[in-house]
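First chain A sits with chain B, and in the next complex the same chain sits with chain C.
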Partner chain A sequence: MNQSNTFWRVALLALPLSVFALIIIWPLLSSFYYGFTNWNGFSDNYDFVGFENFGKLFSDRLFMSAAINTIIWMAIAVVLPTVLGLSLALLIDSHVPGGPIFKTIFYLPICLSAVVVGQVWVWIYQPDWGLLNTIIEYVTNDRFNYAWLAKPDSALYSVIVAWSWQATGLSMVIYLAGLTAIPGDLLEVCELEGATTWQRIRHVILPLLTPATVVVVALSVINSLKGFDILYIMTGGGPFNSSDTLAMHMYNESFKKYLMGYGSAISVVLFLVALTIIRLYFKQLKKVDEIYG
Partner chain B sequence: MADTATLGSTSGDYVAPKRFNPWPVVIFICLFTLAILFLAPTFGVLLSSVKTTRDIALGDLWAIPSSMYWGNYVEVLSNPAVHGYMLNTFLVAAPATAFSIALGVLAGYVFAKLPFKGSDLVFLLVVSGMFFPPQVILIPLFRLFNLMGLIDTLWPMIIVHTALGIPICTLLMRNFFATVPNPLREAAILEGASEWQVLTKIALPISLPAIAVLATLQFTWIWNDFLWPLIFTQSDEKRTIMLGLVFMKGQYSVAWGIQGAMSLIASLPTLIVFLFFQRYFIKGMTMGAVKG
Partner chain C sequence: MSSLSLKNIKKSYGQHEVIHGVDLEVEKGEFIVFVGPSGCGKSTMLRMISGLEEVTSGQISIADKDVTRAHPSKREIAMVFQSYALFPHMSVADNISFGLRLGKTPKDEVKRRVNEVADTLQITHLLERFPRQLSGGQRQRVAIGRAIIRNPQVFLFDEPLSNLDAALRVQMRLEIARLHKRLGATIIYVTHDQTEAMTLADRIVVFNHGVIEQVGRPIDLYERPANKFVAGFLGAPSMNFIGATAQQGAIQLDGFNITDAQKAHANGAITLGIRPEHMRISDTEACDFSAKVELVEELGSESLAYLQTSFSSDPLTMRVDHSITVREGDMLPVSVNREFLHVFEEGGASL
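Take a look at the complex of A and B:
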């Protein structure tokens, strides 16, 4: 019996684990390897350059601004989809008529591709007939044609807002799932004790939603690291690299300038950042699990 | 889920029914306004697709059209390149979805029913794969498929999406198989069934809901993917729809109406999947997120 168990473990795991190892783990490890070379993407010979690529990161002005932009993106990703998602979940959970329809509407963007979302938002920000400027013109009754995506001051933030539009739906459903787990009689007791709606949310619902918040915040941060497609469509990292992120910078260096060795070094940095966040996330999950069961 | 939500908030109706309670009205108006704002981007595409480029350029995009103009759809649907893009995307998404689920079933079954020393660690390693940005494995995979001469074919995309699907598929299948009672398996084995028979004859038939969840998620993600086709394809004949969309944007640079119709047609398969299987979709998203 025991022996046959071992046989089946090996037999069933062989294929999935070898595909995973070959396509995920091995490339991950070789990214580290290429980070120490000056490979250009095509030639068969390349040299080891030691820590040159990693040293170059610190003097690369574009890398530094990409890193800062990534941090900005993360910071906004922690706030915007989380607060919006929580508010929407609380509103929908309040037994409002049409709740399921609202849920579908707010969740819908998640099934759209980043390419389509990006394009839609390019139109919103379009200077001459975009929705945003149209509304501003309507409200102020004045001519307004600010080019949101073409100005270094606003390009990055404009993309992050578009990204958040899509990310909010996921936060909302996670919070909704969290809300269903709160026992109804607990809320009824609050009501009987005369707690106001605000007190109920502040002192009962929010604390009980901590596990959901951990998941929402972590996913937002992790997904913000992956934000590439929508940026590629909306600004391509421009104007003048003002909206570059690490993922974008890595793509540009590797597949536009064919500095694959240097690009690998950037991807190693990206990996280490992601690893740190994921470890923090798993640790928080475990803690939350211990407290909330 | 909806049922428990109702349970959780019945307390709202508990207050004295005679007094006028403004909250539901206020909340409804709030949500309604937000919903309109939220729908505006999608609605804009819809509007643009039934308007002529001239109308849009004149600033009429956001007005309700007095007459529908179908020329954009005719233009897009009669373009043979679009047929090719759609076919390519389907040829990538369908097998990659099937393969990744199959691999997830195999691995998930072992992690749920045949755990071994250190299996939790292996499981965690596999699952954490879904959190990393794909840029981390971009260059080595480009080199690998380049050496194999597979660049500009559909194969790299099928293979990579199969592999990238393993974490989420393994996670969901393990969690589902964990709910299959152990005595069921043991009884079957005592009666001479092999592990393979238990998996295919007992565990699989009852895990169809989990497979449906994964199929909707995987198909949507792969259909919508942009990065991998961008890296792995070169010729127009091998482009997937999302890549084609971007390249055709150059071709129809100011033909916004045509771009709108194209976006809509490109999103149609995932929109249909979403609207019909929304329940599965949400379940998969929350399960994948929460249990991670």
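Take a look at the complex of A and C:
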């Protein structure tokens, strides 16, 4: 009985594990390997170049600007979906009329693929007839045809706003779950002690939402590191690489310039950054668990 | 001066009325315990006094001020919850001083008052700790500290000992009694534990189905219950009830010689009530009835014998001194202390 149990355990685990190994572990290890080569992506002949690719990163102007853009993206990703998601969750939790309907509406973008979201926002930003410029024209009563996605100054930020629009729904749902988990009697203590709405949020609700905030921030940061698909649809990293992120830069180097070895080196850097963030996340999660668990 | 006054308090949820008109006057410094089974309305009543629950109709006054529609924080009350309701992210000192800090009380004064309260509750050494680092009893003390520091007119305790284990419950019960003596505060205390009610209360208020069944000193309620519900609710093990008929005051019962227990008003169907301690094993000649022992529970200091009789379908519970050995299957001659017999009319009211 025990032996046949063990057999089935191994057999049932083997299938998902082999799929995981094939599509995650193997490519991951391969990219580590190719990061030390000058492979072009299809040739059988390539050389081992040691740390040359990694050394090149420091002198690559585009890598540096992509790194800065990624940091900007991460910074805004920490603030925007977190603050918006929290605000919406607090609003919906306060039993405003139509709360459940708004909850569904705000969550809907999560169900869309990034490609669809990107295309919708391309239309919103369209200079001549896009929703944004139409509203600005309506409000200012003046002609306005700023090309949000075609200007180096605004392209990156415009994409981040679109990305945040989608990410906010997820933050809101996580915060709503966090709010439900706050014991009702703690809020009643606030009422008995005469706390104002702001005092209640500041001294009780926000600290008690720390576990939710850790999850929201970690997800936002990790997802912002992966920020590629929506960028690919909306700007392709342009104009003039002004909205390039590390993920985008890696794609361009690997699949447009066929520098697969160099692209792999970028992916290794991205992986190490993600790993560091995930480690920080787990460390923080442990700390939070000790206080609130 | 009345510390708390409830006048015809009613509470409905939609069409469903759960509190059907409660009147109560509480004197300053009194320890009042609300008891009753689950869903009887005692906690709802407490929450209405605190202001956490709105009153449908009636009037609540605290220290002669009408507070029926006042915000909870303006009622000069403090509440201790069953779950302690301590903020997990705040130290003990911060939990205790939460209300003072919200009110922007100067830091020196906050510190002084926190130390005073901690001293009273003997938790000074815990002030820097967090709730997760405290035992159940210590947490409850902190919760009480947060109530004391408010210096309220009335303390409200909502089943504060229910989450503690039996030994700690007894200890905390004593501490609450001591605290009441020291502070001389008015306390409204909700519990479903009748031992807490009997030991702590100056007066007990027995709730059932949203009405007050009886108000009085614990011993009065025990000895002279107003009805069958109060008689059955107070006392552990609870009173034995035996269905019987009465004719012109004389109670008829098959195999139970009780004709001399005259109750002048009794007529028709009645219920006889006998507490387990008011029955004893007697001589065969002088006994009221004989009964077969169905089960014996040894409690150490005494035993509880469950007796099968010819006149009651339910077994009767009798307290037996630990020095007397009783075995299952024994036939026992039993006599009843006539002085403490209770008789209830068909509707349940005491005769």
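Convention: the second predicted complex is superposed on the first by the 284 of 293 C-alpha atoms of A that agree within 3 Å, B and C clash if a C-alpha of one lies under 4 Å from a C-alpha of the other, contacts with A are read in each partner's own complex, and residues count from 1 in each chain.
One rule holds in what follows: a contact is a pair of C-beta atoms (placed from the backbone, for glycine too) under 8 Å apart; a residue touches a chain by one contact, two chains touch by 3 or more.
All figures in this text were calculated on a predicted structure; none of them were measured in a lab.
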For the combined arrangement obtained by superposing on chain A, do chain B and chain C clash, or do they fit? fit
Touched partner set for A:L259, first chain B, second chain C, both or neither: neither
Check the residue A:L231 against both partner chains and state whether it touches chain B (first), chain C (second), both, or neither. neither
Return first, second, both or neither, reflecting whether A:E191 touches chain B, chain C, both chains, or no partner chain. both
Should A:I291 be classified as contacting the first partner (chain B), the second (chain C), both, or neither? second
Quick check for you: in the superposed arrangement, does A:V215 touch first (chain B), second (chain C), both or neither? first
In the overlay, answer first, second, both or neither for which of chain B and chain C A:L149 touches. neither
Touching A:L131, do we find chain B (first), chain C (second), both, or neither? first
In the overlay, work out which of chain B or chain C sits against more residues of chain A. B
Output check: A:P207 vs chain B and chain C. Expected answer is one of first, second, both, neither. What do you get? second
Across all Cα pairs of chain B and chain C, what is the smallest distance in the superposition, given in whole Å? 5
In chain A, both chain B and chain C touch residues 183, 188, 191
Complex contacts: residues of chain B adjacent to chain A: 1-2, 4-15, 23-24, 27-28, 30-31, 34-35, 38-42, 44-45, 48, 56-62, 103-104, 106-107, 109-110, 114, 116, 122, 124, 126, 128-129, 131-144, 159-160, 162-164, 166-167, 170, 189, 195-196, 199, 220, 223-227, 230-231, 242, 245-246, 249, 256, 259, 263, 266-267, 270-271, 273-274, 278, 281-282, 285-286, 289-290, 292
So in the complex, which bits of chain A are touching chain B? 1, 4-6, 8-9, 12-13, 15-17, 19-20, 22-24, 26-28, 30-31, 34, 41, 88, 91-100, 102, 104-117, 119-121, 123-124, 128-129, 131, 134, 165, 170, 173-174, 176-177, 179-184, 187-188, 190-191, 197, 211-212, 215, 219, 222, 225-226, 228-229, 232-233, 246-247, 250-251, 254-255, 260, 263-264, 266-267, 270-271, 274-275, 277-278, 281-282, 285
Chain A residues touching chain C - in the complex, by the definition given at the top: 183, 185-186, 188-189, 191-195, 199, 203-204, 207-208, 210, 290-292
Which residues, counting only chain C, touch chain A once they are in their complex? 50-52, 71-74, 77-79, 81, 83, 85, 87-89, 98-99, 102-103, 130, 132, 146, 150
